[in-house]
């Protein structure tokens, strides 16, 4: 690897970004979630930076490690590695382990932030507004959502990618340095509160358990009692239960879901749950 | 206070629990709701832990602060302080302010939970079942209620008390650790906010002062004006007044109460206060 | 600014007070409610404290920021700044930002209290008594009101002003001490939040844009949609827009106002704005 | 059917045991004996007509099934409902010759319950107010270190309050019948000065309790801040106590981290005392 | 009864003094002369029928007794009520031969008051809008350091606004009677472009004032946070200003302790500058 | 209304594009085409009843509005909801003659959506599992340095997975399902155990999604605090999500400044480790 002042062309960066924009999840498996999306995204860059087949192979090997993050915000990671790869091509100071340490270190927090703030908040908010425009079967809302979200999504990802490329090493400083840690914790605070808000706003677990006297008047509506203790108590309890099963008892999400099916069935049979819907 | 590894005997704990079980509300007044119940409950413990009269007095002083919660569930708080008192007798790391901060911080939410779930839900449920057994004047329902509720009540409170004692032990570990002071301050924050909430929820001072025009329509309802400045203004003002009289003017609570009686009388005579009740 | 132990003379303070007493609202506009009253009130003080023209200009600049409060009770704020200005003339420890943070932090709550208690309660009470004296067209009531209210108003405001001046002195001690900077930042926090509250309470920008279906039923009320995104969105947006034009685009307030006039006209013509008033 | 002095006295004892602050502890007293269903059983046994007692108790229990008394706020007094209301209802039902379990009997019982239930709140406030006397004795005992006297204060003396506000009213009213209830209402009208003052004092007194608590928590003006923020959350935003506690946790967390930050710092600079943050300073703002 | 040009002119002067932003200061002007009760006295004296003036004033005062104008939000204009409404009411009562203190007279007065009260809000917005011109002159004076001109701006020039929006309308309307009021309403309909724009501008202008304040408080995006949190508390949670202030105190307390912690720290590590927290960094996030 | 082979095939293509791992990339695919609101528009266009499509989409969107799939954990499959559920719901609504925007139609749509949504998770796991085959081919290409083959692996071969797990099931179910739909209503009444359970599961499943999210954020009990404060703001105070976010910013700001203060401090006292604040401690409270 010679230090020849190589620079990735704008065209190639664009190509790399679009590969990521399109292909980050297309070949998803439970085993190697976004690895192939990452590989196809780095390929144009590696091909441009290294003429030598061997060097190419060495570079590509770096990106065969498991990768998964929230794809929208995650563009910044791809941008960062683009610039690190460029640096490696020039003087070789950056090595394999550094790049992968970085990827591994970033993909977790960025998945947490992205899933909470992009998929868990931004999209529901836009959808919420759009739903308000769909009264009487109007297509306005859907069109609004398609336009607004895709503009935000495309240009947001683009911005993140190129910001990552620009900042490169510096981005790492910001994201994982001393200040970075403080920023991530600050963002995690927002994430935590917003996810709490999302849970209270969009998730609703209610019991239909009611005691009636002889003349049919309800003298105990359990749901009201529970809400008078803490509004949304049942919802919060079920979420914490699921968290506990998965985080503390190491039960897989699939099994937790099956448990919920059983809980639902028992609840329905005992009259604890009753969606009360009609055709 | 010497560090002699003192431990409250099972017998004394039992005594303390039964004092609470029986006497939590017997000497109730609007001013010091459950304080005397608490004092009699802590007395056996304090007597066992401290031989020295002076130490006993110091310990008992802690429990002279206002206390009120839902008594059933509240047993857990008494249990916790039992174990904190034990820790204080041993090494003196736990102090007055911490114990009272904890009591203040816990009494609010536990009253909220207990009133809703024990008194507002559990009892009506058992009563509801019992009512169903009382058809045609059968004594079965009443007997059922007496047995089921008292078993649940007695053993539930017992369980809560001893659970609290256990938890207190763990709490002590945290409270006296390296971060102890920081945690104690954190507890004081919770205590302060909860007492504020308690004041706004349980205490209601309202004026009935109203100005009416010739045709009897009220054109100035003072209470509404005050609430538009700050909701609960009068309540907050009276509490701060009492605090100021006692803390800054060194007036004893008894005298403050007498002052309030005079204030009430004058207020009633001038039409400032009027509970507006009817038989 | 030299440290010469300057002190505002009693005569000048009196002058300053009377300027405020008379002129707080005379030049009122929707844009700069009481700012000019404040400026004329501070002018005698600034002229006495600083001989140097430059220093005068620097000092006066502080009071060009938007100001509005309930004028009677608000005298206290003017008194406080009088004494802060004095302190600034002496050692320069008090700065611009602190004075404005304080003014911003105080004007909100004092407006709330004053509007409710002075204008909403005290005046109606005196008026109520006066009305009772006006039976059969008697001038007694009106004369009673004129005398009582003006005495209360004049001496009350005077008291508030000089009380503020006194308090300010104490405040200065705190503001310039070792913890001064931390306190000033704390005041800025209050100031920021109160200004937010003031904006949401006093400023209301609403759109009347509505889409109706054939039968005249509104199926899209834009204002409701915007509020469901974030209550007060339009108000906040206009404020941020004005801030951006002035702070980032360096457009003078006058031009911003002209822009708003144009915006209003276009808005009215297009049906975006409609105050919807009637005689 | 008439109620003898003996029967009336037994009812009076049950009234003392079952009231809110009653002499049997809330579990056995207020929450068991105080419930009209149980009161019906007891009254039925005392007056010798179990079936009618139960039936009247059931009718009244339905009205008060969800009775909660948060913070000592008593909207209806169960001692009066169960041990004045039920007996009087039984007498009335009997004298009108209604069937014990008929709907008419139930309605009569319910209206009697409501009548005495509100009258009873006077008894509640009376008891609680008189207890102040014993509490006063208690404080002096605490001051002097005579702790054993606390047992008398908590378990003994309040019987005197109940003699006056539970036993005697119950005995008189059940023995002399509903005319006695009426007499009480005329003697102590709710819109008279004494009753108005009693209830106003009842509303003001909790301020003292809270203030005593504040005295322990508040040192300087800054310590009032959490109190007022909590007050605002509950009073202006109508947050309940559990929600207030949840919100307070984030401030507790911040306080903890802050103090840890200051701590470490102090350890790092033990010699540097001028201008450092310490607790005294915190509280002097 | 007719109103001469002289009488009308005196009424016009009182209208100028008593309006919201009036020329007599709010204590003497708006809150004294502006109250219909006082207006009745004044009008009675001017028109020579004290009793009728007071009676009409009393009637109108009852309607507007709790008038508050928070943040310059004027729902009814007292200059119009007191110095156009009362005189016109007196003329009408007189011409209909009603007794001064009769109920019919009072009703007539009230309806006249309501009519001109809302018309008057136009006068309020007119005055306030025209004052922008003098304020503009004021800002130029401030820029040039000609501070003495501020007195003219605050005390003198606004008379011109009042000449146009208080004096002339009052003179014309009281002299020519209620037909003139009607004429104004037809000339400037509330649903016409000019009035709509005037009121819309009135609603938009406070944004500039707040924005100027923000300019002084806000340096970077982070400084917007307290502003928006305060905004949210007031707009979404409907907290009033006092409550917002109370809640803000806990954040102020945290801010204070935080800065003290950072401070001490900085003193403890004076040499260690690389990577330490300092204000610049705080604000650059 | 029936669904032709052609219509069914177009639906199948959209199902392939919009599923989680879908062929249109997550921005355009899963997050746009996969949302039931957009699915409603598309199905409405394909089946020629735009209004009914949108109405059904809106009803289903409300159920799945907070759908997050962290780490590929899919609690409900949008391809099935949007491109099997909506078409079948439309057929059912049509055949029962319900008005497109009626409440009954919406409930019917929801039941159809929940039914296929949970069943559809099977399709997701099928697709992802089959992709292992192509990935296996990919690894061999990498080993051999034939990097260009990666494009086929990432962009091409997965179509085969979708042919089997998205296209074919969609085509078959929408084409043949229409006749079966009729039977559904009778076979599975809304007040029967299966439907009730299904809907209850639908309400419970989002808890899993949120919990998975929490697992990423929460390490110790203290990390639950922001979550519960946010929950309280939304549940007790009815703050909407934007307002919750605004309020959370001030806590984020405090957290940032706090961590920076702690940081600096740690640098200032590198040797002093006993009793210093560090993250481990923070999280162990």
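For clarity, chains are labelled A, B, C, D, E and F in written order, and residue numbers in each chain start from 1.
We take it that a contact is a pair of C-beta atoms (placed from the backbone, for glycine too) under 8 Å apart; a residue touches a chain by one contact, two chains touch by 3 or more.
Quick caveat: nothing in here was measured; it's all calculated off a predicted structure.
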Between chain B and chain E, the fewest touch steps amount to 1
Across the interface between the identical copies chain D and chain F, with over half of residue numbers shared counting as same and under half as different, the residues used are different
Taking each chain's centre as the mean of its CA atoms, chain A sits from chain B at a distance in Å of 46
Rounded to the nearest Å, the gap separating the Cα centres of chain C and chain D is 48
Taking each chain's centre as the mean of its CA atoms, chain D sits from chain E at a distance in Å of 51
Flagged in chain A as touching 2+ other chains are 125, 128, 136, 138, 178-179, 183, 213, 219-220, 228-231
The positions of chain F in contact with two or more other chains are 225-226, 228-229, 231-233, 236-237, 239-240, 242-243, 246-247, 249, 251, 253-254, 256, 258, 260-261, 263, 265, 267-269, 274-275, 281, 285
Per the touch rule above, chain D residues touching chain E in the complex are 222, 225-226, 228-229, 231-232, 236-237, 251, 254, 258, 261-262, 265-266, 268-269, 272, 275-277, 281-282, 285
Within their complex, chain C touches chain F through residues 228-231
Listed in rising order, chain F residues that touch chain C in their complex are 240, 242-243, 246
Listed in rising order, the residues of chain C that touch chain E in the complex are 21-33, 35-37, 39-40, 43, 46-47, 53, 56-57, 60-61, 64-66, 68, 71-72, 96-97, 100-101, 104-105, 108-109, 111-113, 115-116, 119-120, 123-124, 127-128, 130-131, 134, 136-139, 141-143, 145-146, 149-150, 153-154, 157, 179, 181-183, 185-206, 230-232, 235-236, 238-243, 246-247, 253-254, 256-257, 260-261, 263-265, 267-269, 273-275, 277-279
Touching chain E in the complex, chain F uses residues 237, 239-240, 243, 246-247, 249-250, 253-254, 256-258, 260-261, 263-265, 267-269
